[in-house]
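Structures follow.
Look for chain A in each of the two complexes below; its partner is chain B in the first and chain C in the second.
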Partner chain A sequence: MADLESASAIAASGLRVQAARMRIISENMANADSTAVEAGGDPYRRRSLAFKSYVDKELGGEAVKVFGTRSDPTPFKVKFDPANPGAAPDGFVKLPNVDPMIELVDMREAQRAYEANLNMIESTRSMRRSTLELLRR
Partner chain B sequence: MAIDPLSASKAYSNAANAARQIMDGAGAPGLAGGSPVQGPSFGDVLNQAIGGVVSTGKKADNAIANAAIGKGDLVDVVTAISAAEMSLETVVAVRDQAISAYQEIMRMPI
Partner chain C sequence: MDIADLPAFSVLREKMNFLAERQRVLAQNVANASTPGYMPKDLNKTGFEKALASELKVKEGGVAVARTSGQHIDMNASRNLSGDFRARAAPDSDVTLDGNAVVLEDQMLKVSQTRGEYETMVAIYQRALGMMRTAIKAASR
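Up next is the complex of A and B:
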């Protein structure tokens, strides 16, 4: 694969991992209030993911992929809410360790990284196109 | 488009063969007397390039079909389509250039 083609294919791998990151963030946001299903159990635990680079022979360069997801070990907050079905016998219910503010910032970061990769593809394409323009005059 | 690219490329390669026969028949004494140029003819080159366009086009079609049944990824569809578009543009640009060179020769006063 020529350099310009592989540049846009590698940027596309960046788009894919940022999309996966967006999915994890939306899982966290959607479950920000998911308490335990059985009395005294654990609520939803926040998840985060890591990326890693790998050499793609076909693309001819180092692309990026999702390394794996991991649960956040931060302790849960508790709230006194005896009416909640997930509450322990003492009336306290554990809340998920999701902080909406952190998720919001993470989401912005994913969005910016996605846009950066899109711009990469856009510039690559315009370079190829202007090279072809040389033939047209 | 009414003209399909494969038939166009066949027409080009036929034209190239005919031209070569005419050259061989006339002996082409004006052409420095050297051995004829070895290598693939323009028709072959064009045929190969169009084969590449067809295969990238098929990849794009597959990506679209997968996305339509909910299996594919939007990124895959977009990159496949843009790859197909770029390779078609390349072949078209090369073809236009070759044709304009040919027309330039045809306009030459003899």
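Up next is the complex of A and C:
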């Protein structure tokens, strides 16, 4: 029984991590067009999460956690748009380095992993329930 | 006599322990499905089955090795099945660029296998209990 409980708890750690990933992805998507406010400034820089597995003594297994976010160092895109308030004196404005395509693919993956963890919890619960059924009857 | 020590029950219980432990290992793999460099694990099934077979042999009146000296290893004492299975690295069919070898489909298959086997064990356990109950019950009329 203790194993089944820690199985659920480990799957829950997976859920938390995937939810955090989803949050970062939506931040990136929301800011896909956020340019700088002051002239010539830097726009929004894409962020990504780093995961790490760690041994949780209490759970007796390897759970997963987020150990920080990282800014994406890829260069910004530039566009000629002198009317934009964030445009440099030469008329070019820097756009965020967010590629909506990459974010969408990442989002699908996070969703799939989330569902897999949920499925894990579901089947662990069913195993636990059938064990408890032994007490009835 | 302890009912839980009867061969039918103790073997079922060990198998259920094994399956619960496996479920925990699989949960670990799924939780780390996007951790870079993570290698999935699985329990060593053959070790478990070997131990189970020897357990069955002794329980069913098979021949066990006699201990003629205190320095001999007591086979019965070391036959703690729950400690016999250990998680080993078991890479799935594909490794991604970041070195993660967890394939969710493979893991889901293992999960449903484990769940099915576990539920079978519970059903058999229930049936064995029912038979025991029938034997205990006073004959009606």
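Here are a few things to note about the model shown:
Methods note: the second predicted complex is superposed on the first by the 136 of 137 C-alpha atoms of A that agree within 3 Å, B and C clash if a C-alpha of one lies under 4 Å from a C-alpha of the other, contacts with A are read in each partner's own complex, and residues count from 1 in each chain.
Methods note: a residue touches a chain if its C-beta (ideal position, glycine included) is under 8 Å from a C-beta of that chain, and two chains touch if they have at least 3 such contacts.
None of these values were measured; they are calculated from a predicted model.
When both complexes are superposed on chain A, chain B and chain C sit side by side without a clash. With chain A used for the fit, chain A forms the apex of an angle whose arms reach the C-alpha centres of chain B and chain C; rounded to a multiple of 10, it measures 40°. In the overlay built on the shared chain, the residue A:135 is in contact with chain B alone; chain C does not reach it. Contact with both chain B and chain C is seen for A:8 once the two complexes are overlaid on the shared chain. Touch criterion not met for A:74: it reaches neither chain B nor chain C.
When both complexes are overlaid on chain A, the residue A:125 reaches chain B alone and has no touch with chain C. Judged by the touch definition given at the top, the superposed model places A:19 against chain B, while chain C stays out of reach. Counted by residues of chain A touched, the larger count belongs to C, out of chain B and chain C.
Fitting both structures onto chain A leaves chain B and chain C with a minimum C-alpha separation of 9 Å.
Put simply, chain A uses residues 8 to touch chain B in one complex and chain C in the other.
Taken together, the chain A residues at the contact with chain B in this complex read 5, 8-9, 12, 15-16, 19, 121, 125, 128-129, 132, 135-136. Contacts from chain B toward chain A in the complex involve residues 73, 75-76, 78-79, 82-83, 86, 89-90, 93-94, 96-97. Residues 16-17, 19-21, 23-28, 30-36, 38, 104, 107-108, 111-112, 114-115, 118-119, 122, 125-126, 129 of chain C touch chain A in their complex.
Across the interface of their complex, chain C is touched by residues 1, 3-4, 6-8, 10-11, 13-14, 17-18, 21, 51-53, 60-64, 109-110, 112-113, 116-117, 119-120, 123-124, 126-127, 130-131, 133-134, 137 of chain A.
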